[in-house]
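In the two assemblies presented below, subunit A is common to both, partnered first by subunit B and then by subunit C.
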Partner chain A sequence: MDIAVLIKQVPVSNNVSVDPETHALIRASAEGMINPADLNAIEEAMVLKEQTGGKVVVFTMGPPDAEKALREAMAHGCDESCLITDRAVAGGDTIATAKVLAEAIKKYGKFDLILSGALSADGATGQVGAMVAECLGIPHVAEIQSIQYDEAVPDKIDAVKKVYGERFHVRCALPAVLSVNFGSNVPRLATLRSTRAAKNKPLATYTNADLKLPADQVGIPGSPTAVIDSFEPTGGRMAEMLEGTPEELAVKLKNMIDEEKGKL
Partner chain B sequence: MANGICIFAENYNGKLEPASAELVSAARLIQETTKEEISAIVAAKDCDTVVEELKGLGVEKIYVVKTSRDILLQDDAASEVIAEMLRKIDPSSVLIPATPTGRSIFSRVAMKLNCGLTADCTELLVGTREDGSYYIKQNKPSFGENVFVTIITREGYYPQMMTVRPGVYTAPEASSENSAEVVYMDDIAVPDSQIEVVEVLPTEDTTDSILSSEIVVVGGRGVLEDDNFALVKEFADKIGAAIGGTRPMVDTETIPFEHQIGQTGCTIRPKICISLGVSGAIQHTEGIKDTKLFVAVNTDPNAAIFKVADYGMTADLRAVLENYLKL
Partner chain C sequence: MEKKKIGIIGGGISGTCLGYHLSLYDNAEVIVFEKDTIGGASTAKSAGTVCLFDDSLKNRYWDVRLYGFESYLKMEAEEKGSAGFDKTGTLVVATNEQVEATIKTGIALAKAAGYSGEYITDKDRIKEILPDISTDNILGAGYTADDGYFDGTMISNTYAKKMQKNGGVIKTGVKVTEVVVKDNKVTGLKTSEGEEYEFDYVVDCTGPWSKFTGEMVGVDVPIWHTKAEAFFLCPPGKKLNYTFPVLKYPEFYGLRAGDNIFICKSHLSMDLNNPMHAGQWDPDKLPATGGTDDYFIDFLLDQLEVKVPGIVDSGLVSSWLSYRAEPKDFLPILGETPVEGYILATGYGGNGVIEAPAASRDLAKLIMRGESTPLLEDWAFKRLLG
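This part shows the complex of A and B:
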């Protein structure tokens, strides 16, 4: 089974602010990391690869230094990688981004399965995987807990999805997109050796000259939505601050808890 | 010309999801300015109760596709049906609950209609363009701590579609005196789906304890220092609380993922919430609702958690808890 995994670099720290003029993200540090849920998607891909053979190709769209995230993904076991980097596709919303990713997947080759993390730690829209599926005209199952593949039913994939307080066992025809929940498995670690090996694994770089998407379909011009403002939340609400030594605070805390517990 | 505010009536087991009822209130606030009609769309096999519930909430029109089979989790088919409904209804805006089902189906709908989808709005306001036409300002928390952004659907793209975070708006009181026009869109066919629900598995939900607990202790980065977790656990046991936490607690496997509270975790509604060593990133605080008593302890007097708690203590959680356990 050949698998594509879509990953995203997210800021390491939550301490980011927004430029008041451009509303663009200012990161406290330039450091990025692979979105945690995407590591769970990579892990699912690794397990399926061990079971079925085939290759795992990891895709990301971002600035040239997103290569770091791809190398890291390959250190976790992905075989090949593809970086889509072009100013023309930057700044797009989920619709414009999904079009680019879908086109890159199509150009790269045929895949039986496409995996992504369910939600990113930064934007957390959870939309791009489903949108890529729509672009490719294939089904998707979002926010799944686990994946199972049965060689006896080679054209389908099984997944468990938790929603409405229930666990649903669903079966989806391949090719398909599945988005994997954060924490649904324990990703294998990269070793020194796998990290070194990842340096020599293939990395394809696409620009929009390769994808040939119309300029008005990608990046900011291709985005139906736009960020027009950023602000600090208003409402100067503030907790009533309690003073005292730790002993006194402990007593105050106990009194408050006991009083409220009495009302339960 | 696109006109009307349309809400997506998400339903499960023949019942309207509470998050969809809340959207009626959001729609009414928009309606105050735009005077547009509020409608709801339902696409389900078992929809009679849902239609009655929607009538009671005071929507003016209900568009229904009564499907011949259950399309639960068949997002490929459901999105096709809903996109077709929206093409016919031609609303200016569509409000969707920011739930797994809402974002999954409408991601496809947005791509089919090429209209954009703003995620997880916490406030919807109406803006007026120079030509007098209205648009919706879609406010949502963004990246990191305490930054909000306003997103708009650019002029010319319709409908304006957005998912709205559950729990932000309060559902209107239902009244049997309300009535609505029900429009059955029988000409919309339900396509085959590539997805089938094989079975509903027995639940093995470890989140139950945290979701149902009336008392919750929430730990943050501060708990990870110096073996504080053991102390927190002892404290939680003493007051009979479940333990939840923020991202760092999960990342270090101090607590299971199911107990992460906030945007990517669960939303809790305990009566009593004691927050220990939590900085208060918006992604986390959005996950705590409707508390009766919310006390936060943090060494940083400027911690954002103090903006959401009822009572705050600028103190070392270790010192406070050690003393508490002696009481």
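This part shows the complex of A and C:
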């Protein structure tokens, strides 16, 4: 089974600033990492690959330094990668982004399954996976916990969802897009050896000249939605330092908890 | 007795340890200014290995090592966890005769101070201590069960508390914006809060920031940043069934960190002329995690494949990059500068946790009584001039 995984680079820390003019998140101010739920998607892909063979190709749209996230994904076991980077596609909303990713997937090759993380740690819209499926005209199952594949039924796949504590199996035809929940599995770690090997794995780079999407369909011009307001969370250091012996600290803590309970 | 007012810039191991040692004098008025949190910057990224006979500090400075080690043991005995001591023991591997001789001298010194130490040439015995090691191409190893590693952040906070008990003041979240100098003499400093303080002495304990701190008084502090690139490895079996000791090779060192293993290139193997190893950068731009270079992956893989093959296929849990502040001779810069009252306690490089107690003890005496010591003479700023 050939699998595409869609990943996103998100800031390591929550300390992200907001552009007061465009209301966009200024990500250049923070170190990037692979969106945590996307690591769960990669792990699902790796398990399926071990079961069925084939290859796993990881896709991302972003600035040139998003190559780092792709190399890291390949250190986690993905075989190939594709970076879509072009100022023309930058700043797009979820629809414009999905169009670009769908076009890149079509251009790259034929895939039996496309996986993404269910939510990004920064934007957290949870929309791109579903929109990619829509652009490609294939089924989508959102917020899944795991995947079950039966080789006796090679043209279908079971997406396992958890709803109110119950597990539901949603069977859908392949190819399909599945969005994997954060924390649904334990992603394997990269090793020194796999990190070094990832440096030499294939990485294709596409611009919009390769994808040939109309300029008014991508980036800011291709985005029907606009962020009209955003704000940086206010707050501050609310921690109170307690001092004393362990016994005194325990009494103080208990009193504070009792006091808080009294407010409820 | 006339009070002496001392302002300390930086609340890492250097600043808090000096603050504590100064607070032991009844005529000292000490304020530590920390722009972030106590022991939270390069101190927090320190491995905290204070071993009885590794290669991090020459045997010439054995007393410095012993004073540091015993200061922390006493701290830990006063309140468990206050120095974050993990008594794992240390294995120092001899890869050539020169290293072997250094280890043997260190063992003799440790034993003279009442600690255990043995030089082992029986390779089966070395593998008993560290089953994942390769004993090919080594002469032997020094081992003691008495030491291990400490937690620089815990120690800094403990010194800060002890200093406060003695009347010292800590100001966190406060950045020093100007050191006031009149007629080439320090008179005080100004902070980001808009406050102005009068001091007889201002001490730069800012480590990797010293280059910038010194610029405030026109002192060119001759330090370079060397990259401390650290990786946390999850062993292939997820959990080791033995106590991973502090492991020292001339090229790198390792220690346990919970169920993981911390590995870092040794600071004495850094080449100040290699731009991949050293430079003068902005420590404020360091990310909290990550930031390591590809060359280090290659270096570490090559080293572990040959020397500790049992952990070479460990998972990479996380990594970080820190800057050590190193003068050209890899020794600290302590004491007076051409600006009267502007004192340095910086440049500890990778050895801040080891060296700070003895250095602070002597520096406090110099500031409070005007009495120098052989250690201060050795590590004086003037050695680096001209």
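Here, the second predicted complex is superposed on the first by the 219 of 264 C-alpha atoms of A that agree within 3 Å, B and C clash if a C-alpha of one lies under 4 Å from a C-alpha of the other, contacts with A are read in each partner's own complex, and residues count from 1 in each chain.
Here, a contact is a pair of C-beta atoms (placed from the backbone, for glycine too) under 8 Å apart; a residue touches a chain by one contact, two chains touch by 3 or more.
Keep in mind that what you see is a predicted model, and the values were worked out from it rather than measured.
J.: Can you tell me whether subunit B or subunit C touches more residues on subunit A?
T.: B
J.: Which partner does A:Glu134 contact after superposing on A: first (subunit B), second (subunit C), both, neither?
T.: First partner only.
J.: Could you look at A:Asn35 and tell me whether it touches subunit B, subunit C, both or neither (first, second, both, neither)?
T.: neither
J.: A:Lys199 in the overlay: touching subunit B, subunit C, both, or neither? Say first, second, both or neither.
T.: Only subunit C; A:Lys199 stays clear of subunit B.
J.: Look at A:Thr97 in the shared chain and tell me whether it touches subunit B only, subunit C only, both, or neither; answer first, second, both or neither.
T.: It touches nothing on subunit B or subunit C.
J.: Go through the superposed model and pick first if A:Ala190 touches only subunit B, second if only subunit C, both, or neither.
T.: A:Ala190 contacts subunit C only, not subunit B.
J.: A:Leu249 in the overlay: touching subunit B, subunit C, both, or neither? Say first, second, both or neither.
T.: first
J.: Give one of first, second, both or neither to describe whether A:Gly126 is in contact with subunit B, with subunit C, with both, or with none.
T.: first
J.: Between subunit B and subunit C, which residues of subunit A are contacted by each of them?
T.: 13, 237
J.: Under the definition above, what is the set of subunit A residues touching subunit B in their complex?
T.: Within the complex, subunit A touches subunit B at residues 11, 13-18, 23, 25, 36-37, 93-95, 98, 119, 121-131, 133-135, 138-143, 158, 160-161, 163-173, 176, 182-184, 223-233, 237-242, 246-247, 249-254, 256-257, 260-261, 263-264.
J.: What does subunit A use to touch subunit C in their complex?
T.: 12-13, 30-31, 33, 75, 188-193, 195-196, 199, 237
J.: Please output the residues of subunit B touching subunit A within their complex, sorted ascending.
T.: Spelled out, the residues of subunit B in touch with subunit A are 12-13, 73, 75-76, 79, 100-101, 103-104, 107-108, 110-112, 114-120, 137-138, 141-154, 157, 193-205, 214-215, 239, 247, 250-251, 256-258, 260, 263-264, 271-272, 274, 281-283, 292-297, 301, 306-316, 319-324, 326-327.
J.: Touching subunit A in the complex: which residues of subunit C?
T.: Residues 173, 231, 234, 287-291, 294, 297-298, 300-301, 304, 312-317.
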